[in-house]
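Two complexes are shown next, each including chain A; its partner changes from chain B in the first to chain C in the second.
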Partner chain A sequence: MINRRSWQGWVLVGPALLVTLVLFAAPMVMVILTSLYRRTGGTTNRTLSLDNYLRLATDATIHQALLNSLEVVGLTVIFSTLVAYPLAYIIAFRVPAKWQALVLLLTVVPFWTSYVVRSYSWLLVLAKNGVINQTLQSWNLIGEPLTLANTRFATVLAFVHFFVMVSTLTIYASLRQIPRNLPLAARDLGASPFYVFARVTLPLSIPGVTVGAFLTFVLAIGDYITPQIVGGGNELLLPQLLMLQVSRRGDFPLAAAMALVLLVIVAAVYAVSAKNLTLERKR
Partner chain B sequence: MHKTRNMVSMATLSAAALLLASCAGGTDAEPSSNSTGASSDAPQELNALVWCDHTDPELLAPFEEANNVTVNVRDYEGTGVALGILEQSQPGDWDVFVIDSVDVPRVAEAGLLAPLNKSDFDFDQFFDEVKLPEIHELDGELYAVPEKFGYNTVAFNGANVDAEKMRDLSFLWDPELAGKIAIYDYYIPVMEFVGLELGIEPQNITVDDLPAIEARLAELKTQSAQVGDVVSTQTALATGEVDVIVGGGEFSTSVLNAENPDLDWILPAQGGIRWQQAIGVLAGSEKQDLATKFVQYIVSAEGQAALATSSCYWGMPANKNATLSDEQKNILRWDEQAGFIANSYPYYIPDADLDAAMLDVWTRVVVG
Partner chain C sequence: MKLLRGSISWIYALLVFGFILMPVASLVVFSFQATNLPLPPFTGPSLRWYEELFADSGMVEALRNSLVVGVVSAFFSTALGFLSAYGLARYRPAGARAIRAAIMTPLGVSYLVIGFGLAITANELALGRSLVLVTLGHIIINLPLAFAILLSQMRDEDETLEKAARDLGANEWVVITRIAIPVVVPGLLAAFLLSFTLSWDEFLIAFFLADFDVTLPIEIWSQLRTGLDAKTNAAGTLVFAISVVALTLAYVLNRAVQQRSRRA
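Moving on to the complex of A and B:
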């Protein structure tokens, strides 16, 4: 009986396992292998070595690109959460239940447009003759147009716009799981609204905040398009440096090593936040 | 409670959908099919590794219709990338290769290009300056034919910048242009262009020259508002975000001329970098005849006109008989080419070590 159930389990899991092996494990092995090759003399030397990793460990330019990435993504996570939390809170507790589905849908609507189109749209909004500068100039608030596009500010702003809905949805899911009688009980015991929020609602919604922050981090740390289009290439983030190796020199081995660094960073962030990466309410 | 669970599920599903949507825009490793101009039951396909100007349906459709073939194109930037793609492909995956002319010798030496029959092409139709048999031939065998050329120099908005001042390359470093410059992000021609300002001709650049070029490039970077690819820099110029593209040229502005005639380009007194493309047949192709026919079409008068005015970027056709209108010739500055060629330096590809050193310099300057 146990063997039969075990066999049935393998049959059920088999397709997913096969897909994972073919589409994830095998490519991952290839990426790891490629990262151990070297690009020398215009060709790929397939002798295994740690040269690319040695370079990653010692090259100040790569360190700077990584630092740029972490700073930009860190700011994105912070501001996304700060914007998303009040929005999720209002939807969860202030919007009537019958309208919540519609409001949630509306929060997702902006994501139905192309990512690249949204990036270029931000460029047009932030440009010297874009909407913001033209408005400020027409109100005589500024003389010369502000430099908003092609800056780190622009990259973070676009990232926050793109990813704030992810955090909104996860925080909302977490807030909705809080039993309504807990804050009511706290209020009944004399706690102020702020105290209820700080000691009851916020701690219980931390899993949603963590999941949203983690997803935002994962999506932003590997993003190439937004810093390239909106940031104007004025500073290189690690994905841009990676693409430079591929698109200009065909240095796939070094690019593979950089990609693995990004993967390790994501894994490390996962490890740190793993205990809160659930939308299930803890007992 | 049940309703709450539904809401939570919806939120979770929405988040998952967003993730999937975000992850759905990856790059395509395979040749992309040009969907126009070929019937769905086309018996033959031709796979071409090309610069983006060859992806224009206006260019491909006449050949596809005439030969009942689908041309699948994969565009790339930089020979290194193309060689990387070829390395990862099987012989026969690719039939046609569009390549910088200066790279033809090393690619031919590597055995990647098939010899072409010289009698299949009318060399009298090419401009003398672009025939370059020393590049396109190896041991007397023809491996690629010239198809298009142009300049990495300066493109600018004539409404905001004095064209006469732009004739001096050093003007790019003038405080007057601070914050008004975009730098094309192909490091080799741009660094060679900066080298010209220092009096170093591209073919003479060595590792010893790189510190001086790096310092001058860093000064230029402080002047710039943007470092970007062709499309990004074009967009910045067209929208008024910048007034000058360093490393730009006719490929930056010609396609925009109809919308804004003030967008122009110039070759400074110190000169510019002349790029040139060639097209050949890959040795591993199992469709040598069809591939050769495609090459013949591309360098024909009709193909050259379409290629010169491709929607991706314009450039001078190698074929002087290209069927261009007077207006198109005017935009390409057809009549001034003799002077431009005389005052420009062929795009010089450094060896692998110098190439790596140049990319290191570039990333140090751009990383921020």
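Moving on to the complex of A and C:
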């Protein structure tokens, strides 16, 4: 009887497993296999070799792109956390409870705009004669318009814009779980407000910071749109270089090796932070 | 002191919300621009660019494609998600943990890698790029989410109902269609709407897999090459509006779902 139920269960999960196998597992195997091929001349040589990985290890352009990616994403994680933390704190402890859901909803407005459109709307703001430049000029703060679009600054700004929302949500969730009587008890025992924050509130909210930073890192490092539209082609990030291999060179094997580098980076970051990645309160 | 701290908080919150809302506001406001460039000064309001948008057959076609891909892929993600969540929760097959992990794995891989993998696989099988491939790509990225939402909705109390029905002589088909599905309708709708929204917005996978028939994000992307254009603002505002409607529905349903869980 138990066996029969188990078998019926497999029938029900079967279609989803099959779809995952065909549309996910098989393509991933293809990526690994393709990364071992070689693009020579105009054709793909199917003898397996580690040539692409050798190129990844030695090619200066690729190193630069990887470095750019890590720097841009690192800056994004730092600035989104710095901007999001006070906001989450204000929402959790200053905004009346019944308004908190509405304020959080306002925070996630950028999520409701589509991916491509969101980046495009940053161009409107940052363009030579865009909103920021025209405002600054009308206040006579600057003479010549500033170059804001197509720079690393623009990429980081657009990333931070999106990920402030993510981190605000995760940090808020952590802050709300802190029992209110802990900071109150510390105050009663004579701790200054700053000391209470540094020794009680902040340490207890670290899970939210970690989860937010992790999501930011994982989602930003694989992103192609934002750097491409807002940052332009002046300095390439790894996903941009990958797309160049696909669209311009038709070098699928090298692109596949790069895709695996992205996967390994994400897996490594996950492995390092896995045990801290929970928003549930430890009991 | 307290007053000062309070006002610093409010000023900070206002500044951050200004930052968060500025791009969206620029997008929406300048979609009603009367002149060509979506840049200050504001010359509208005018619906000129919305008229031009609907007169643009490429845009209208892409809009229709996006709706079809979104609805079809969301339907399959939700259906597959439901069957697997139901199978896992009710039948507890051998290897349940492994099955759950397998279905959830695609969530940990970026769209860039998934899209690229599907593109080279299709290439290997000599399958031409098409909207069908885009739909398949969107099914696989949304399946883990639909599955997770529906698994959280499988409650033991409902199993008691199903057992009672079986005792009264109902077969599995009747149990699933008359009890198991109706009790999770809010969860099904939430999963469907979230899947739809994510497909509706999705760029990278569609970019890898679409050919001449494209989805809306791809069409907007190709219009970006001509630079800033008020018509793109109109298209972007429209996409925004449809996402808002879908997500608001999902939010309302999700609240209904949570209230149901709380009652239980």
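Here, the second predicted complex is superposed on the first by the 258 of 283 C-alpha atoms of A that agree within 3 Å, B and C clash if a C-alpha of one lies under 4 Å from a C-alpha of the other, contacts with A are read in each partner's own complex, and residues count from 1 in each chain.
The working rule: a residue touches a chain if its C-beta (ideal position, glycine included) is under 8 Å from a C-beta of that chain, and two chains touch if they have at least 3 such contacts.
Small disclaimer: the values here were computed from a predicted structure and weren't measured.
Between chain B and chain C, point out the one touching more chain A residues.
Between chain B and chain C, C touches the greater number of residues in chain A.
May I ask you to decide whether A:R38 touches chain B, chain C, both, or neither, giving the answer as first, second, both or neither?
Touch status of A:R38: no partner.
For A:A127, select first, second, both or neither according to whether it touches chain B, chain C, the two together, or no partner.
The answer is both, since A:A127 touches chain B and chain C.
Identify the partner contact of A:F252: answer first if only chain B is touched, second if only chain C is, both if each is, neither if none is.
Both: A:F252 reaches chain B and chain C.
Is A:I229 contacted by the first partner chain B, the second partner chain C, both or neither?
both
For A:A173, decide between first (touching chain B), second (touching chain C), both and neither.
In the superposition, A:A173 touches chain B alone.
Based on the superposed arrangement, let me know which partner A:L244 touches: chain B (first), chain C (second), both, or neither?
Only chain B; A:L244 stays clear of chain C.
After superposition on the shared chain, which partner residues are touched by A:M165: those of chain B (first), chain C (second), both, or neither?
Touch partners of A:M165: chain B and chain C.
Identify the residues of chain A that lie in both the chain B contact region and the chain C contact region.
115-116, 120, 123-124, 127, 129, 165, 219, 225, 229, 246, 252
Chain B touches which residues of chain A in the complex?
40-44, 61, 64-65, 68, 97, 100-101, 104, 108, 111, 115-116, 120, 123-124, 127-129, 147, 149-150, 165-166, 169-170, 172-173, 176-177, 215, 219, 225, 228-229, 232-236, 241, 244, 246-252, 279
Taking the complex as given, what residues does chain A use to touch chain C?
Going through chain A, the ones touching chain C are 5-13, 15-17, 19-20, 23-24, 26-28, 30-31, 34, 83, 86-87, 90-91, 94, 106-107, 109-110, 112-118, 120-125, 127, 129-131, 134-135, 161, 164-165, 218-219, 221-225, 229, 239, 242, 246, 252, 255-256, 259, 262-263, 266, 270.
Which residues of chain C touch chain A once you look at their complex with the stated criterion?
Touching chain A: residues 6, 9, 12-13, 16-17, 19-24, 26-27, 30, 37-40, 80-81, 83-84, 86-88, 90-94, 96, 99, 102-103, 105-106, 108-114, 116-121, 123-124, 136-137, 139-140, 143, 147, 172, 200-204, 208, 217, 220-221, 224, 228, 232-233, 235-236, 239-240, 243-244, 247 of chain C.
Which residues, counting only chain B, touch chain A once they are in their complex?
Residues in contact with chain A: 3-4, 7-8, 10-12, 14-15, 17-19, 21-22, 25, 76-85, 87-88, 106, 179, 185-187, 224-229, 232, 235-236, 239-241, 351-353, 355-356, 359-360, 363-364, 366-368.
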